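Per-chain residue numbering starts at 1, and chain names A, B, C and D are given in the order in which the chains are listed.
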Amino acid sequence: MKILSKFFLLCAILTLVSCNKGGDDKIMVGYFGSMTGAEATFGVSTRDGVLLAIEEWNKAGGVLGKQIEIKAYDNQGKPEEARLSVEKLINADNVIAVLGEVASTRSLAAAPVAQQNKVPMISPSSTNPLVTQKGDYIFRVCFIDPFQGEVMAKFAFNSLKKKKAAILRDSKSDYSMGLATYFEKTFTALGGEIVGDEKYVSGDVDFKAQLTNLKSKGPEFIFVPGYYTEVGLIARQAKEQGISVPLLGGDGWDSPELVSIGGKSMEGNFFSNHYTTEDPRPEVQNFIKNYEARFGSRPNALAASGYDAARVLFEAIKRANSVEGPKLRDAIAATKEFQGVTGIITLNEQRDATKSAVVLEVKDGQFKYLETVNP
Amino acid sequence: MNEFIQHTINGLALGSIYALVALGYTMVFGVLQLINFAHGDIFMVGSFVGLYFIRWFMPNVEPSLLTTIIVILVAMVGSATVGVIIEKFAYRPLRKAPRINILITAIGVSLLLEYGGQLIFGASPQFFPDILPRKQIDLGGAIYLDSNQVTIFLVSFVLMLVLQFLVFKTQFGRAMRAISHSLETANLIGINVNKVILITFIIGSSLAGAAGVLYGVAYPKIDPLLGLLPGLKAFIAAVLGGIGNVTGAVIGAILLGLSETYVAGYISSTYRDALAFLILILVLLLRPAGLLGTKKIEKV
Amino acid sequence: MSKLNKTVLLFLIFAAVAVVLNFVLSGFSVTPGALFYEKPGRFTGLISPYYYSVMILLCINVILSVSLALLNGFTGLFTMGHAGFMAIGAYTSASVVYFLLPTAPFFIQLIAGALAAGAFSGLVGFFIGTSSLRLNGDYLGMVTLGFSEIIRIILLNIDAVGGARGFSDIPVYMNLGSVLLITVITIMVIKRIRDGRLGRAMLAIKENEMAANMMGINPLNIKVKAFVISSFMAGMAGSFFAHSEGYLSTQTFSFAKSFEVIAMNVVGGLGSLSGAIMGAGILTVLPEALRKVQDITGVDLRMVIYALTMVLIMILRPQGLMGNKEWKWLSSK
Amino acid sequence: MAFLEINDMSLEFGGVKACQNVNMKLEPGILYGLIGPNGAGKSTIFNVLTGIYPPTRGDVKLGGESLVGHKPYEIAQRGVGRTFQNIRLFKELTVLQNVMVAFYSSSHSTIADMVFESKNFHNEESEVKTKALELLKVMGIEDLAEVPAGGLPYGKQRKLEIARALGLNPKILLLDEPAAGLNPTETKELTDLIRKIQKDRNITVLLIEHDMGLVMKICEKIFVLVQGQLVCEGTADIIQNDKRVIEAYLGVD
């Protein structure tokens, strides 16, 4: 019995001890993401982008003369863990701002905490419109679902001149459902026709049944607004089922793994993205070079967004010349024409980024720039 | 009609993947009466062993049958090693413990392999190289068959026959069946229970390893959590066919693959997993012995 | 003094302690809301909102753990579907409050939400129980796992409760005082059931179902009762979860959550109420405490440690930390 | 009409005949014995009586009402108590709790009573406890009331099983080899106890036993079962002199 209560006490003490306050010589920034569990790859990539930004800034002398330190918490992909880690970041670690999450579901769970405590939160890639509606301390540096859905609908209708679309969406992913909905709206408004609409669940590996159905509907292209984790396999299986029409998608496609998994089947497919690696701007080229040097792999869109979110924050700290919540908030809100890797970012009234999207084509295993679509 | 044929082909292919995993599952269950939750994760380990072997030792190899066989053998050894470690350190100390304790241990081992896998292999999905030459076969009427589908189907069928032989025609099989009947009695009549169980684990785990590589060939995207769902599905398949029954596992797996594909094709893929669980519930409630479970003698 | 009055007195004492504790910990605020049924807006008390949240989560986990102990530990029914009941409770309560009582005072929302959650979850528990309790052991576990996953998939496909997007803007009103009080009540209810004739019948069934049957006890009846009570409580825990998070997503209620609750029981000791509480405490606090370890190692070892603990306890101390023992205040004498 | 009747009962398991056309009539307040070689189907008759196996043919009646088709717990509630050849106690429960379990169906406190520890609940609990302790006293194990049943020595476990069965307040008590594994002193003690209980409570007892001496000594009437068939019934004298019985026991051996 005694040993047990001691063990219990030890646990309690450990928790208490684990709350350490950032020193005066440091600026504490919080990050929360899914770094273990089924969606671990998203959280890890984003964190790496954030880390790179911090290391670069620190090398250049930090911000306001102080070094930046990151506190990164894993939420295992669970919304309740996301909320709890933000509570801890804000209340126990006293971070001045929070970066995260990728998934809108977890951003939605955590945003009220940041809002209530008046600590700015910048989501790198939560695209659901609801996220920033949680309050005036919640920002994002990515575009939102309606915009991206629109981009691809217009591209397909105007540039590719296709009239018959099929959709294959991920019913478990809010992002995918959102994109599909807005794509459908715009495409039909333009005069196109949706001939088939099928669903899958992220984590699935077999999409043949859905593809067989879509094939029989005779679409001119298939819109697959999912993550690269599934799209590579979908492209493969589409070819195996004798589907030769192109696939279209969104920024969730952007990863080197897409081409390695999808292989030749990915050729001739299109997706919208924040940026293109062909962009000659030094921000982009340096980012790619440094990321590869630091982490040994090519960055994906999530890493780029994480990198931008962190840099938008640091710029704002610099402009605000303060780390106090309200001042910092105002400075972030005033972000204008920020030269991000993922585009030129201006935050609008709704605290969403307005930036242009690019459409890329998969060609010879590379993502080739096709056109830029402005909001 | 063409669509139906295509769905059927796809369902058979999916079912034969489940069958590969279910065979090992049912072997271990047959002997230990243990739902080896970690089986799906041993299967995952097989995939990764195969992947790293290819990366390190034959990075630029041309797809060929020989390559595939070599990779499969290596993965089998890798998985069997993990299986042996698990049996020796996690399951053996609990041989006489209540079944619930063993089940919980199995869940723990499964979580350990999944999250340990994320630490070791990284969480991101990785590409499994094409090692098996493949061909698209156009059956006419817009129906396609992939050579991989045929290969996997044949492999699972052959393995089923091999296991069937092993269980019913060999000395070892007799010992297995004796243990399955009663561990104590088997002990009393001089069967080295630990040895037989260990060998069963080696066979079951190496089957999982082989399945892992074939899975990588069929769905070339692998990550440390890939074993979770196929593991559960394989269990469902094994229950459907009559758990502990080798033929039953394959039939159950094929039926599950077909029904999942039909549901995804004709109703909605969102309910695909729900269907699998519904099958599990219905079988356990209405016919707990499974489709082939009545003949006690066939139990492994 | 009659025993009933003693129970009332005990309740009042608990309530007073809970309110005072909440008062001291959160912010020395004296409005009725802050005292009884609101999440404090400002924290000027002894602990930060983070610890406040952890403590509420701890209470919810304790309710889940002890309700599972009733099934798992006392009646010997191994179920792996507790997350499903929690999900039903959470979504029912959130829907009732969000759609039917959006403007009602907080304490009405609290009571209506919790009761609706418990009742609906209990009802589903009744149906699942009556249909599946003929099964035993691991098979019952797998069937309940199946039911729980089906519940989750159905919720994912109901657009009115958010579907994949999640259910947001749920009124948040969980107050540590009220949760703590309800947690203690739940523990006491389970303790008293265990010590009454129903509890004896449950234990008898766990020990030897055949003999219990021969002693005039209808095993199915007792098991269904245990199932309904347990799912009622899990549903209530779900309700509190919904209104302390303010946001629900089906991701939360995957079978990982069910395993977590099982692990709580196992770590503390199957068959011990004190163990269930202790297990919930350790598995809630430990992952939070391990964040510190993460700072040192740089990688997140939490889940690995968690899994390893489960295996090691089963091998080295299968009876759990408490074994069959109870803390004094929970022992049957 | 007899108190307990088994009419032309047969039980088969997949073609194997466990019992064939068994007829037994038991009168109230009498101590019966049921003997027969190993595998004769004695325990099977108990299992049919208590509802574990439904008979393939025939009928079982208690006080004129058929028991066939009733669940074991219903039959127990009608007053059929039993013990088991291989002891089936609730090992983790205390000795007292074991006996108290048997009072489940005769007590009435509801969940609300338990939760609020109402007056009803307390009265009933203490009443049940008193009764259970009395039964323990009858069996001479009241001093072990708070010990877990699994920790009792063998002989005491047998006694506890009888005490637990008595908790049902049975009209008929089925004892399955109560003296198995006991030494002669213990056997003697138990024999006296069984007779005493039977007389004091005026209940019917049906006893399966291997110990011939014991059966002959205390049973007023004895049934002999050989290979699932009743070959003889009557007093000890009749049985001892019956050819078929001697054949079954000696001739075959």
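Going forward, a residue touches a chain if its C-beta (ideal position, glycine included) is under 8 Å from a C-beta of that chain, and two chains touch if they have at least 3 such contacts.
Quantities reported herein were computed from a predicted structural model and do not represent experimental measurements.
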What are the mutual neighbours of subunit C and subunit D in this structure? none
Smallest count of steps, each to a touching chain, taking subunit B to subunit C: 1
What is the chain whose Cα centre is as far as it gets from that of subunit C? D
So, in whole Å, the Cα centroid of subunit A is separated from that of subunit D by 72
Suppose each chain is reduced to the average of its Cα coordinates; what separation in Å results between subunit B and subunit D? 49
CA centre of subunit A versus CA centre of subunit C: separation in Å? 34
For subunit B, which residues are shared contacts with two or more other chains? 115, 118, 270, 273
Touching two or more other chains - residues of subunit A: 35-37, 171
Please set out, as single numbers or ranges, the residues of subunit C touching at least two other chains. 156-157, 303
Taking the top-of-page definition of touch, could you list the pairs of chains it picks out? A-B, A-C, B-C, C-D
In the complex, subunit A residues that touch subunit B: 35-38, 40-41, 44-45, 171, 198-201, 203-206, 208-210, 212-213, 215-216, 229, 232-233, 236, 239-242, 257, 260-261, 263
Which residues of subunit A touch subunit C once you look at their complex with the stated criterion? 1, 4, 7-8, 11-12, 14-15, 17-19, 35-37, 73-74, 76-80, 83-84, 87-88, 90-92, 104-106, 108-109, 112, 116-117, 128, 130, 171-174, 177-178
Provide the residue numbers of subunit C that touch subunit A in the complex, in ascending order. 41, 43, 48-51, 53-54, 57, 156-157, 163-166, 168, 172, 241, 245-249, 251-252, 278, 281-282, 285-286, 288-292, 294-295, 300, 302-303, 321-322, 325
Touching subunit A in the complex: which residues of subunit B? 2-3, 6-7, 10-11, 13-14, 115, 118, 122-127, 130, 136, 138, 142, 144, 146, 219-221, 223, 225-226, 229, 260-262, 264-265, 268-270, 272-273
Which residues, counting only subunit C, touch subunit B once they are in their complex? 72, 78, 131-132, 134-135, 137-139, 141-143, 145-147, 149-150, 153-154, 156-157, 259, 262-263, 266, 270, 299, 301, 303-304, 306-308, 310-311, 314-315, 318
